[in-house]
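The structure under discussion appears below in the form of structure tokens.
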Amino acid sequence: MINNIETYLYIAVFLFAIGLYGVLARRSLIAVLISVELMLNAAMINFMAFNRFLAPHPAVGQICALFIMAVAAAEAAIGLSIIVAIYRKMKTINVEHATELRG
Amino acid sequence: MSAWFSDLTLLGCFLCMVLPIASFGLIMIFTRNNHKLSLAISLLCSTIPLIIAWSLLYKYWDIAEPIVYNYDWILSDFIKIPFGFLLDPTSLLMLTIVATISWLVQIYSIGYMEGDPGFGNYYAFLSLFALSMLGVSISSGLLQLYICWELVGVSSYLLIGFWYEKFSASEAGKKAFVVTRFGDVGFFMGLAILTIFYGNLEIANINSAAVAQSMPPWLISTAALLIFCGVMGKSAQFPLHVWLPDAMEGPTPVSALLHSATMVAAGVFLIARIYPFFSASPEAMAVALAIGTITLLLSSTIGMVATDIKQVWAYSTVSQLGFMIMGLAAGSYFAGYFHLTTHAGFKALLFLCSGVFIHHFGTNDFFVMAAKGGRKLIIPMVTITIAALALSGIFPFSGFFSKEAILGALYHHPNKIWFLMGLLGAFLTAYYTFRVIFVMLFPKNPAPEEQHGHDEPHEEHYGVPWVMSIPLLVLATFTLILGFCQGYLERFLLGHTLHHEHNYLLLVSAVVAALSGIGLAWIDWGSKKAKCVGFISYVPALENFFKEKWYMDHFWRWFLNVFIYGTFSRLFTYNDRRVVDGGVDTVAFSTIGSGRLLSFFQTALLQLNLLFMVVVVAGVGLYLLIGR
Amino acid sequence: MKFMMDLFSAEGMATLSFLGVVGLTFIGALIAVGARNIFHNVLGLALALFGVAGLFVYLNSPFVAMMEILIYVGAICIAICFAIMLSEPLYLPKPPRKPIKLLGAGLASGLIFAMLGLLMKKTTWVAAPERSTDWSITTLGHFLLTKYALIFEVISLVLLVAMLGAIVTARDGRGET
Amino acid sequence: MVEHVADFPYLTCMLLAPVVGLTIILFLKEEWHFLIRVVSLSAAAIALGLSIYTFVNYDTALGGLQFVEKYEWVKSFGIYFYVGVDGINAPLLLLTGIVIFTGVLTMWELENRVKEYFAFMLALVTGVFGVFMSMDMFVFFLFYEIAVVPMYILILIWGSTRKIYAAMKLTLYLMAGSGLIIPGILLLYATSGINTFDMIQLHGVHFAPWVQKTAFVLLYFGFGVLAAVWPFHTWSPVGHVAAPTAVSMLHAGVLMKLGAYGILRVAMFLCPDGFQYWAQLMALLAAVGIVYGVFVGLAQTDLKYVIGYSSVSHMGIVGLGLATGTIDGINGSVFQMFAHGVMTALFFSAVGYIYDRTHTRMIYELGGFSKIMPVASGYFIIAALCGAGVPGFASFWAELLVFISAVKVFPVRGLLALASIVIGALFALRVVQKTFYNEPNPKFIHYKDVSPFLGLPRAILVATMVLFGIFPRLMLDLIKSAVVPFVNGL
Amino acid sequence: MKVLLFGPELYFLGMALVLFILSLRRQVNIRIDHQVALGFAAGGVVVASACLFQQGELFFAAYRVDLFSQIFKVALALGLFLVLMISHNLAHIDDRYHAEFYLFLTTCTLGLMMLVSAVELLTIYVSLELSSYSLYILVPLRRGDDMDIEAGVKYLFIGAVSSCFMLFGLSYIFGATHSTYVNEVMAKMPELVQSPIGIMGLLLTLAGFFFKLSVFPFHFWAPDVYQGAANQVTTFIATVSKAAAVAVLLRLVALGEVYGFGFTQALWILSIVSMTLGNLVAIVQKDFKRMLAYSSIAHAGYVLMGILTLSEAGYTAAIYYAVAYLIMNFTCFMVISEVANDGRNLQIVELAGLYHRNPLLGLALMLGLFALAGVPPSIGFTGKLLVFTSAMKEGYFWLVLVGAVNGTISLYYYLKVVYAAYFLEGKELPAVHIGLSTRALSYALILIIIGFGVFPDRVVELARVAVKGVLL
């Protein structure tokens, strides 16, 4: 089980789905951001799994994972700053309140 | 091109076509408002064809073989339309008739139309008519004939509607054009069938025996009958005769020229023109005979009750045209054509005389004319009587001879009913003709003097301008002498004289019919004791029926209103607005509507949008995965 | 018994701990998305990230696991905490959840799960014919500076932009409020 | 097809004349009305002159394409700027030249946004010239759309009577048509196996039957929209009514011919088998259109609607002639395109004159105009007589050829359509009677008749009608020289 | 000359640095900010053009410089320059942030440039994120109501989810091919495209670019962001970033020469739905920018049509179309930012009377709209027809039919704008005064729209050569 790639891939898929659920279901923008992070982690697990079981060179997948982390960090920074800004402007971070643009 | 000038005959024909149209164009474009100049141009351009026509008639009096000139007008693939002239007795005679009468009418109109603001236009239209009618006479191909035929319709339309401010006139013009067009479409269809078979509409070809043999009989009949539709339209045969009485709205010289002498005779001429072809179809001949008979009787009866002098002559024209058709359809080419010739003379005379009265008294009602002292106009009164005698078929006037010829032809027809009908027609003709004459000659209740008070200076001279009287005299002369030319004409038209077996029964019955008609008219209208009511008024229902013109106008009006305007036009318009156009608009609006509908997918809710996105991704993915 | 025995063997222990790690991940993830309190979510995320780091250890890469904990748990989660504090107060009453929305979200993510699961099921993975066994961090560093040098540079730019952006975005408004 | 390369780029000059005029106008000041008019008139005159030159100098004995110019345009897609004249498009080029020239003259009195008006009009004409002369499908289509779109603005700004609706409807409808043309053209291009849009070369390719059927029907309906094929005609009356005079002239006179020309030049030329397959349908729709047009026109009360529906009917005649696929029929069709173009231009120009003064086109409000303005009415009456198919005018010959060949090929439909010309006469004369005859409406009695200068364009149109009516061979021999090889290739 | 190979990128990096330094100044001088940025951008165009014919590989073959990429770099540099041209009046952005505004535009352009040259999947991903993040920041930079921040949030989260999908896809490609290098992936692709993992991996990867290109179903951000962001930012998003997305999409799709039916069918569906949806919804819009957003969705469908043909002609057409789209869309946005010179959002009716308020802009707008609608003689028409041609060549009859019909629908709403500009009088609205540069720009754009529409040969040839390089 531990040495089976499928296990990891399914874990990733499951994590991805949970993250997606969070993105779709949560009202708080911060929670949505958290869910996105989960999805990114799922992708990371994929990379690492492939790296471990399939790739010709084990460095590549790890590098991918590292970069994803960096990107995720950047994303979190921007996302959080925008969330803070939206809170300042609208006094709420409930995504359902941002309903001015439609149609 | 040099051939055009070296051959005088060709040049003549050519000039006959070119001069009138040149006159038309010049007057319309340049000299419309200069009456004198317009008149000069028009007269010049009708005198030369007159001379040409007579000299051609003289030159080719002994013509044996038709002279044909053909040039290509259109060379499409299968359809080849020649432009050319066909000179044979049939066309030469018609050419002469047309040129003569139109020249006379032009002269006459100088007086009649004097001072009319549209004088220039009038002469232009007359020139256009001359062009087209001359064209009808000498065309070498049926299609060229058809074209001229249509142009005749146009000029008739323009001339009837000449006083277009009058609603009735413009309406009558329209009616004339549309009704004749109705027949013309049939004509054109007939031509189309012929073209499809021969690709060539040269009259000489069509009349050749080979055509009749190569074509299946049913097709010949179809084509002939379709062409006969054109004849019905133009020659005002039942049931398309309704336009002709209304056409009297035009100036009287026009009625004389177009609607009695020449244009309406074009239909008869057409049958004569393609007589060998037409007579190859017994069905067509039978139908023509029947139609001619119906027309004869119908219009005679209406003529009995009309009070407008022009209406009477109009119905008389219709009935005589029916008579001509009977003659032709009964198998005698000569009889029909001869009657056409004589009729052209005396009917033009009748109209021109009536024109003098109308011009003088300013009314169309012959009872009023009589009351105002119509008989004091000597020349017109004499000439109109001559013409009336001719029309009634009294010896020695021309009408006698031609009617005799037709009755003879009918007599030889196996079915004697046609002959009897012909006699009845002759009787009725004599009756209604002399009804007019007797009323005019022997006015019963002269109008009170005080009515004339303000017309006093007018009353003083009952003279007629010479430009108007000369044509009357010329035509009266023709009426007197034409009958005696029967033999010459027979030789000219047929190449030999007919063997006349003098059938006294025929002769007597015809004379009796005519005389009894006159006698009855005398009893009803002429004699001192006459009650001035027609014998027909003893049967009020019938009289009413006649007065309502057999309800033909009502029928057509109804047909037009209910079918054309009421049903088709309305339905189609409705369909166009609602179904076709509405359909298009519906498509457009539903497109916009679907845009509005789809825009609801773009909710303001971020997560709902994401939901759509994810579902679509999953859907596409699942589709691709399950599909393989 | 046999099962218990297996469980306590060396392999069994490994499996058990693996299951533990996986469980940690899932439970963390579920808390992260499921809990109503935003702080619990962050904690859940941290838990899940620990789990993922554990997985990375199982995947032979303690270095990345380390990084995961450092960057994610150490940086991102803290940043999120700050953001939480800068934004909506926690004591505010929360509106009730809308079942239809949750259902929709569940269905959609379920669909994605089904799709990806189906994909996994249909795929047979082929390992590369020649596989290096060089797992050393040195090699990794080497790669970073050779084959992946460009991206290494770019990522720094990304981070720069992100920082600048965060400053620009978040700074704005303080003066106004 | 034989090609004779031009010694001088006549066609390009013809095409460029309006473009240059347009460019000059763009740089003129809005206030310089007279100069703008003169520039557009001279551009139109140059185009007209060149079109007459090509018309007269086309050598029917040589046949084939003459005045050919061919330049590579987009190499990788096989697009050429390939223009030439043959018997089919020479009359249409002439028609365009005449109509634009008279159209500019007709709008001489325009005072509102003159600069833009003439600029757009010249743009439109460029498109029309381009379509008629190009032998490359791509270029053909390019110009086709250029010709269609300026119409929107022309109607929108200078139009009347529901112009907003009409402009949008017309443009969208026609563009929907071109939405069908594109796939049709591209289908042919893609399945030909040769990388070219050159129609002459594509003609040599024998397309598979399904390709021909599909492409033909697409092209037929696509072009048919512009040719007002029933039931895709409803834009045309609406559009004519809304458009300003000269635009109506151009539109009914020339633009609708683009559609018919497209059917002939692209659809039938490239998909002969497809044509054979769909000919029955074509004939049916055309016959229905002929009958339908006159009946609906009979019920109209707006002069321009009347003319619009008569156009539907007359374009049906064009369609019927094409459907026969015989030399006679197509000769007639092409001739009818020309004749109808001149005729409707005359119609609209006469109506335009009256409308510009009275500001009404309702026939029950008008009346007695023969008295008020005899010359202007005379032009209308002449047009009406043309419309009624009176001989002596060019349209008569065209109708004759079409009807006879239609009766030959499709007896029932042909006879049905033929019968409707009675109604056609009724229809034309009804309008003439109500508008021009009877007592004049005192409201309009003080209006002046058309001046000789403003009468000039109308007179040119009448002269054209009569010239080709009396000497049809001037036109027909030319048309035939192209149609005979065309039909033999079908 | 390795420097030249990397020339444009280095140049823009330098430009970013300069702007960064500018942003640090205490004294705000927006004129200097603008002039510096504009000057550098102009230089950027020169540099990019100078490097147009460079060929080579950098960074261990992770970065390929070929004609394809260089053309797009020129286009990107040009796009940036044009956007800066109309940024002389950044009314809706706080004066303090003008330097940052230029900076982020520059970094975004830099990211896009790297995107078009990158031939390594991870680099592509990170470059994409670089450009995206710059835009995420630019969108809420607008001053005023809450619209901008809402748009920013939506943009960010839709982008984030899309990039998660993309990353997932990338991981599968990595798993299936064991490499992140495009050329190595390409070597494996032929046998892989038949398998589910290959197709799904690629499709999910494309999600990121679909997002950039606003292809259905990743289009939801577009209307909101177009409406919410400042006019100039919208301009940039609508033009420059689209062009780059097309480039990468091409490069990725060109990975496989033969795809199974399913893959193209998926693109086929997305293309059709994008076109139709975009056009239909655009009909009912009142806000000009929002309408253009929907039109961009529709246009993405057209581009996709060229790409999914998987043929050289199709790619050529797609490139041509992308460039054409950049130009014609830019023309419209230029008019927007000039007419709405206080930086507000422009309702369509506010264009009323443009023909007399400023005839030149009116003409430019009309031509731009007609080009967007695919009316000749314009670059848009030629582009559209080239796309259709290539699609038809590969047998996508129905696709072309739908596309052509869609062209008609689109004309409706473009004409509505023309209607407003040319028919409505707008007497009460003020005249629009434009500077010399804008005037020159308008003329240039008009010339380009017509000129390259009528004489497309050069551009097409260039695109074709470029595509050859990608296809190898």
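Chains: A, B, C, D and E, in written order; residue numbering restarts at 1 for each.
In this section, contacts are C-beta pairs under 8 Å (C-beta built on N, C-alpha and C of every residue); 3 or more make two chains touch, one makes a residue touch a chain.
This is a predicted model, so every value here is computed, not measured.
K.L.:
Taking contact as defined at the start, I'd like the list of chains shared as neighbours by subunit A and subunit C.
P.N.:
B, E
K.L.:
Averaging the CA atoms per chain, pick out the one whose centre lands closest to the mean of every protein CA shown.
P.N.:
Centre-most chain by C-alpha means: D.
K.L.:
Using the stated contact rule, I'd like to know whether C-E or B-D comes out ahead in C-beta pair count.
P.N.:
Of the two interfaces, C-E and B-D, more C-beta pairs touch across B-D.
K.L.:
Report the chain whose mean Cα position is at the greatest distance from that of subunit C.
P.N.:
Greatest centre separation from subunit C goes to chain B.
K.L.:
What whole-number Å value describes the gap between the mean CA coordinates of subunit B and subunit C?
P.N.:
Each chain reduced to its C-alpha mean, subunit B and subunit C end up 102 Å apart.
K.L.:
Roughly how many whole angstrom separate the Cα centroids of subunit A and subunit B?
P.N.:
Using C-alpha averages as centres, the distance is 96 Å.
K.L.:
In whole angstrom, what separates the CA-based centres of subunit C and subunit D?
P.N.:
Result: the chain centres lie 70 Å from each other.
K.L.:
CA centre of subunit B versus CA centre of subunit E: separation in Å?
P.N.:
76
K.L.:
Indicate the residues of subunit E shared as contacts by at least two other chains.
P.N.:
Residues 122, 126, 129, 133, 136-137, 140, 153-154, 157, 161, 168, 172, 175, 178, 196, 200, 223, 284-285, 412 of subunit E each touch two or more of the other chains.
K.L.:
Check each residue of subunit B and list the ones that touch at least two other chains.
P.N.:
Answer for subunit B, listing residues that touch two or more other chains: 599, 602, 606-607, 610-611, 614, 617, 621, 625.
K.L.:
Could you pull out the residues of subunit D that touch at least 2 other chains?
P.N.:
Where subunit D meets two or more other chains at a single residue, that happens at 172.
K.L.:
What are all the chain pairs that meet the touch criterion?
P.N.:
So, checking each combination of chains, I get A-B, A-C, A-E, B-C, B-D, B-E, C-E, D-E as the touching pairs.
K.L.:
Note which residues of subunit B are touching subunit A in the complex, please.
P.N.:
599, 602-607, 610-611, 614
K.L.:
Quick check: in the complex, which residue numbers of subunit B touch subunit E?
P.N.:
Against subunit E, the touching part of subunit B is residues 591-592, 594-596, 598-599, 601-602, 606, 609-610, 612-614, 616-617, 620-621, 623-625, 627-628.
K.L.:
Could you pull out which subunit A residues touch subunit E in their complex?
P.N.:
Against subunit E, the touching part of subunit A is residues 16, 19-20, 23, 29, 32-33, 36, 39-40, 42-43, 46-47, 49-50, 54-56, 60-61, 63-64, 67-68, 71, 74-75, 78-79, 82-83, 85-86, 89-90, 95, 98-101, 103.
K.L.:
In the complex formed with subunit D, which residues of subunit B make contact?
P.N.:
Going through subunit B, the ones touching subunit D are 28, 72-79, 81, 143, 146-148, 150-151, 153-154, 157, 161, 164-167, 169-171, 173-174, 177-178, 181-182, 185, 188-189, 191-193, 195-196, 564-565, 568-570, 572-573, 576, 580-581, 583-585, 588.
K.L.:
Of all residues in subunit A, which touch subunit B in the complex?
P.N.:
Touch list, subunit A to subunit B: 20, 23-25, 32, 95-96, 98-103.
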